[in-house]
Amino acid sequence: MGIHSITVTVNGAKERLDVPSNMTLLQMLRDKLGLTGTKNGCSAGECGACTVLVDGEPVNSCLMLAVEADGRQVTTVEGLAHDGQLSALQEAIIEHNAVQCGFCTPGMLISAHALLERAPRPTEQQIREALVGNLCRCTGYLRIIEAVQTAAKKGGA
Amino acid sequence: MLARPALPSFDYVRANNPDEVVRLLQEHGAAAKLLMGGTDLFVRMRDGVIRPQIVVDVKHLPGMRAIEYDEGAGLTVGAAVTMNQLARHPQVQTHYPLLAEAANSVASYQVRNRATLGGNLCNASPAADTAPAVLVLEGRLVLHNPQGEREVAARDFFTGPGQTAMRENEFLKAVRLPPPPEGSAGKYLKLGRNKVGDLSIVGVAVFAFPDGTKPSGYVFRIGLASVAPVPLRAWEAEEVLATHSPGEETFALAAEKAMEAATPIDDVRASAAYRKVMVRALTRRGLERVWEALE
Amino acid sequence: MAELTSNPVGKNTPRVDAYEKVTGTAIFTDDLPFGPGLYYGRLVRSPHAHALIKSIDISKALEVPGVKAVVTGQDFDTRIGLYLVDRPVFAKDRVRYVGDPVAGVVATSEDIAEEAAKLVEVEYEELPAVFDPVEAAQPDAPLLHPDLGEYKVANFIFPEPGTNISEHFRLRKGDVEAAWPRCAAIVEDTFRLPHIQHVPLEPHVAVALWEPSNQVTLWTSSQSPFAQRDLIAQSMGIPHGNLRVISPYVGGGFGGKAGVSMEVYAVAMARAVKGHPVKLRMTREEEFIGTTVRQALVAHTKIGCDAEGNLLAMETEYYFSGGAYNDYGVNIVRAAGYSCTGPYYIPNVKGDSYCVYTNMPIGSAMRGFGMPEIHWGIEQIMDQLAEKIGMDPAEFRRRNCVKTGDIILTGMKMPAIDLVACIDKVTKAINWGKKEPPSAPHKKRGKGIAIMWKAPAMPPNPGSSAIVRFNEDATVNVEIGAQELGQGAFTVVAQMAAEVLGVPYEWVRVSAPVDTKYSPYEWQTVASRITWSTGNAVKAAAEDARQQILALVAKHWNEDPANLDIKDGIVISYKSEREQPLKDMVIYGLPNENFEGWKGGPIVGHGKFMPTYVTNLDFETGQGPRAVVHYTVGAQAVDLEVDTETGQVEILKIASAYDVGKAINPDLVLAQIEGGAVHGMSSAFEALKFDERGRPLNPNLVDYRIATAADAPREIHGDIVETPLEDGPWGARGVGEHVMVQTAPAIANAIYNAIGVRFNDLPLSAEKIFMALQ
C-alpha cells in the first residue's frame, strides 16, 4: 500500500507526515498528531463527532483521506481557543450548560464556528440545519442552539 | 455482516489528466474506483460492499470543480463540484434554484462539503437527491472515454440500482444543463424520517414553465427519487399537465399518475405502499407550490 | 480574579468539566496513549441467532502475520453476570444471538485483527430460534439456557429452570376479581415496545493489560468501574486487589455502559498476550448489537375505575424480551414488577413481570430501567379511562396519583413527594384545556399529558463512599468512585463539599479519572442515585473534615466548637470574633503557645452512605415493608401537530416538571429535563429491526435515526418541584432517568387528541400514523 508524504497545516502549525493511502484525516489527527479532541463516533459521516475545518469549511474527517489534506489548512477543536482565551462560542457553550458528556462537543463547536463564519447572525432555523450533521444524545440541542445565538450576539465565532 | 472498523488497504493515486484515469480504469478494471467526495465510496468500502485495490482521485482534473454558466449554452457543472459549492453558487441560485435546493437537501452541511454532484449521479442510488432535479432540468452527462467524450441524457443514464450507462473505461467529467426556459419555476420536496438530513423515503422534483405550444399553456416536468429501481420521470403525469388546464383537479390527476409511475420496494425505511401514496401527496404539493410561483 | 461562590448548594455554578470539554482536552478512554506495544482485538461474532458450535478452527487466523493470539470459549470455563451469572466469556457450546462473540483475535493492528477474524472458521448447527417474549415463555419454546438452574443468582431474583423465564416477579394486593364488578369503566389492551439502543456518541471501548505479575489493569468507558472490577475479578479468577479499573470521562452512557458488556473480552484477550495492552473498541455498527439494548416488552394490561374516577383494580402481565443473556436485565423486570402500577394508588393489583430469554441482543439497563416500557401502556390506558367516564385526563391523574404517605402496591409507605404539583405546573405551562389552531389546514394539533414514577432499582445495599482532603492552599480534592457521564455528578459533589466545608466552590477539585486503586468505593453510576447516595457520602466526608477543623481550632482558641463556623475558607468564632484561615492549618496544623509543639495535621475527611432499610419482598405477593429507597415523580405535557397528508409529527413543545427534593444545581436539573425530553421524544420513533432469522436490519446511524437539532421541539419548558427527601443531601433525590420515562406516552396521548387514533405499539412512524388515518 502506498505511503504518501504530505505537508499539512494543522491549527496553524505546518506538519510534514508520511501517511498510508487508507489513513483517514481523523486517524491522522488522533493517531499521528495526538490531537484527540476530534472524536470518532461512527466512521461513516453520520454523527459529526469528527468534524474539522479544512480550508475553513467543516468536513467529516472520517470520510476524508489524510493524503487528501496535502497542502491544506486543518483546524480542530484544539485550535479554537487562542492563548488559553476561549472563543465566544466556547464561552457561550459553557454559559448555557450546553455540554454534558462532551463527546459531540468538539464537532458541534466546529460546525457552529463555521456557521458563524459564513452567517454571522444566523436564524434559529439556520442554526438547526447547520447542526443536523452533529448528533447529540445528552443535551436535546436547544441549549446548543441558544449558545450559538449568544455567541452571534457577542460578535461571532 | 457488520462494517469493518476502518478502511481496508488500497493504493491512492491522484490523477493529473483524463487520459491517466482512462488508462488506470483499463488497467485495473473493477479493481479501480474513482474518488471525488468519498462520502459514498468510503462508506461502501468500510461496509465491505466494494474493495478496490486502487482509488483514483479525479477531483483535481481540469474543470472537475468548475461551475460555468453561459446564457446560450447553459450551465456546466464539473463532476467533482460539491453540493455546497453548487447550492451557494450565485448563478445556480439565480438560474437553477431547483438544483440548488436539491443539492442543499443532501445529508448534512459537512457531508455536502465533500459530496459531489457527479458522485451522487454516478452512484445511481434510487434515492439520489440531485437526480430528479437533473432529470427535470433535462441535464446531459459528459463522459470521458478513450475516444474522447460522449454525452448521455440524464433520462438514459440510470439503468438500475447502482447501474448507469457509463462503460467500464469511462468516467463522468461534467453535467450540462440547458438554459432555463423563460419564466420557469421548480421545487424539490423530500420526505425523510428526520425533518432534514435523512435519506429520501420519497423525493419529488417539479419543474414548469409557460409554453404556448401545449394545450395547457405549460410544460410541467416531474422527477421522482427513491420509488423505483432508478430515479425517473413521471411521463404520464407530465402528459396530463400538458393537456389539462392547471388547477386543483389537474394536479390531483397528475399526482395520481405520478403515483402509478412509482414502483417502489419495501425496505427498512418505508413500505412500498406508503412510498406510493407519498409520491402522490408530494407531487400534488410540489405542483401547487410551483403553480403559485408561476402565477 | 474570577468571582468566588460561597454556599453553592442551590446555585447554578458552572460545570467543573466544561472547560476541558469545550477545548478538546477532556480525556476519554480511546484518547489515552499506550505506546507502540499496544495490540488490538476484534471479535468473531455468530451469524446465527441460535446454534450449537460444532467446532472452531483458529489455525488460519493464527498464521496471519501480526496476529498474536486467538481466544475462544474453550479457553474460559467461566461465566459472568451481575444478578444472574448466565453469560459465558465467549460462547462455548452454543450461540444465542446474531453477534454473540465466539472468538477474539489479538493483533498488532486493528486492521490485521479484523482480517484474521474473518479467517476463524466456525462450524454451527442451527437451532430453532425464538424472538418474541410471549412465545419464548411458552413451555414448548426452544430453550436458550438448559443450565439455568445451575447459574448463580442473587437472592431476590427467581429464574424458572427448564423454561426461558429468567425472572418472574409476582405482585398481589387486594382482590382484583372482586373489584372488577365495581368498576364503571375498564380498559384492557396489549402494548408492544421494540428493542432500542442507547446510542451514546462515544462507542464502547476498553483497553486491558495483563502483566506477567498477574496485575491486571482495565481502562474503560464505564458507568461501573467497581462493578466491573468485582464481576470481572470473580469471573476471571483475579484477586480484587490485583484488578485495577481506570475510567476516564464517559461519552454518554444512558445505562449502556453499566455493568459489564464487552469489557470482559478485552481482559480475556489480554490474558493471552501478557505484558501488552489490548484495545477493543466497538464500531458504531457493533454498538447496536454487540453491547446491550433496551429490552423489548409485550404488556397485557387491564385497569378499571369507578364512575367518580377512582382507580379500583389493575391486572397486568409484562413479558420482557431479555435477549440472549439476562444477567442485568432480570432486575429491570423485577423493578417493573414492584412498580407495575405506575405512579397510581390502586387498591387491588395483580401483576406478573417476566424476564424471558430470546435470541435477541442482550437486553440491559437503559435510562428509565423498565419504567419507560411499562408507562407506555399505563399512561395511555389512564387517558382512555378518563375519557370513558368523562373526566379530564389531568384531573384523573391528580385524583389517582400517588401521594405522600400512601401505602403503595408493595405495602411500602410512600416517602414525601408532590406529584400533583408537577401536574399543575405542566398543565399551566402547556395551556392545558385550551384548543389551539394548527399551523396549516392539513395539520391537526393536539395536547397530551403523562406522569411517571421511578425508584432507584438496585440491590438493597449499594454503597457509596467519599474522601475529602485539603491541599496546602486550602483548595479541596473530593475523591469519589462515581462517574461523570455528562449528567453533572462532579459539579454537584463539588458544590456539596464546598457548602459543608465553608470554602468557595471554585476551590474544589474532583479527582478524576475514577480509578479503583485510588478512588473510594462506589457501587455504580446508575439508577439516578449519585446526587442522593454519593451526595450523602460526600456530605458526610466533608462534615468529617469540618469537624476535625473546628475541633482543632476550638482547642487552639480554647473555645467551644459550637461557636465556630467556616466562611469563605476562614474559621471564625461568633463569640470571640477571631479568624483562622484554613490555608494556614489544614495541612500543617496549628502551633501550641510559644511553639511548644504542634497539634493537628493534614485534614482528610471520610464519608460513606448505604441504605440500610430496604427489605426483600415476599416471593408470592411482592409485599414487604420497604421495597425501595424512594421514588422520584414527575409529569410531562406535549403540544404537537400531525401532518395528515404524510403522517409526520412535529413536537411543538414539551413541558416537564419533576420533584427532585432539592435542586443542588437548578440549571443542571433543567439541562437533564431538556435533554431527557428530546431523548424520550426520539425514543418514540426508534426501533432496532430484525429479519425473520434475527439478523439486524438497521445497526447503523443511516437507518437507526435519532433526533437531530432540526427535530428537537421548538420549546421545552422545565419546572422543578422541591419536596425534600428525608435521607437526601439537602433533601435531594435523583432525576437523570426520569426525564424521559413518560415522553412517549405523552406524545401518544397528544396524537390521540389531535387525530383520534391510538397506537399501542412503538415505534411511532410517519408511515404508521398516516396509514392509521386512511
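Note that the chains take the letters A, B and C in the order they are written out, and that residue 1 is the start of every chain.
Here is the rule we go by: contacts are C-beta pairs under 8 Å (C-beta built on N, C-alpha and C of every residue); 3 or more make two chains touch, one makes a residue touch a chain.
Computed from a prediction, not measured in an experiment: that's the story for all the values here.
If the chains shown are joined wherever they touch, the resulting network links each chain directly to all the rest. Relative to chain C, the chain whose mean Cα position lies farthest away is B.
At the centre of the protein atoms shown, by the Cα-centroid criterion, sits C. If you average the CA atoms of chain A and of chain B, the two centres end up 29 Å from each other. Once the centre of each chain is set as its mean CA position, chain B and chain C turn out to be 44 Å apart.
Each of the following residues of chain B touches two or more other chains: 3, 5-6, 8-9, 194, 196-197. In chain C, the positions touching at least two other chains are 283-284, 700, 702, 707-708, 710. Looking at chain A, residues 43-44, 129, 132, 134 sit in touch with two or more other chains. Interface of chain B with chain A (complex): residues 3, 5-14, 35, 37-39, 42-43, 46, 55, 57, 84, 107-111, 113-114, 194, 196-197. If you check the complex, the residues on chain B that touch chain C are 1-6, 8-9, 191, 193-199, 268-271, 273-274, 277-278, 281, 285.
For chain C in complex with chain B, the residues that touch the partner chain are 42, 45, 47, 98-99, 110-111, 114, 281, 283-286, 289, 645-646, 648, 650, 685, 689, 695, 697-700, 702-703, 705, 707-708, 710-711, 765-767, 770-771.
Of all residues in chain A, only 30, 34-44, 46-47, 49, 76-78, 80-81, 86, 90, 93-95, 97, 99-106, 109, 127-129, 131-132, 134-145 touch chain C in the complex they form. Considering their complex, residues 1-2, 4, 20-22, 24, 27, 43-45, 48, 51, 54, 57-60, 63-65, 67-68, 111, 114-115, 129-130, 132-134 of chain A touch chain B.
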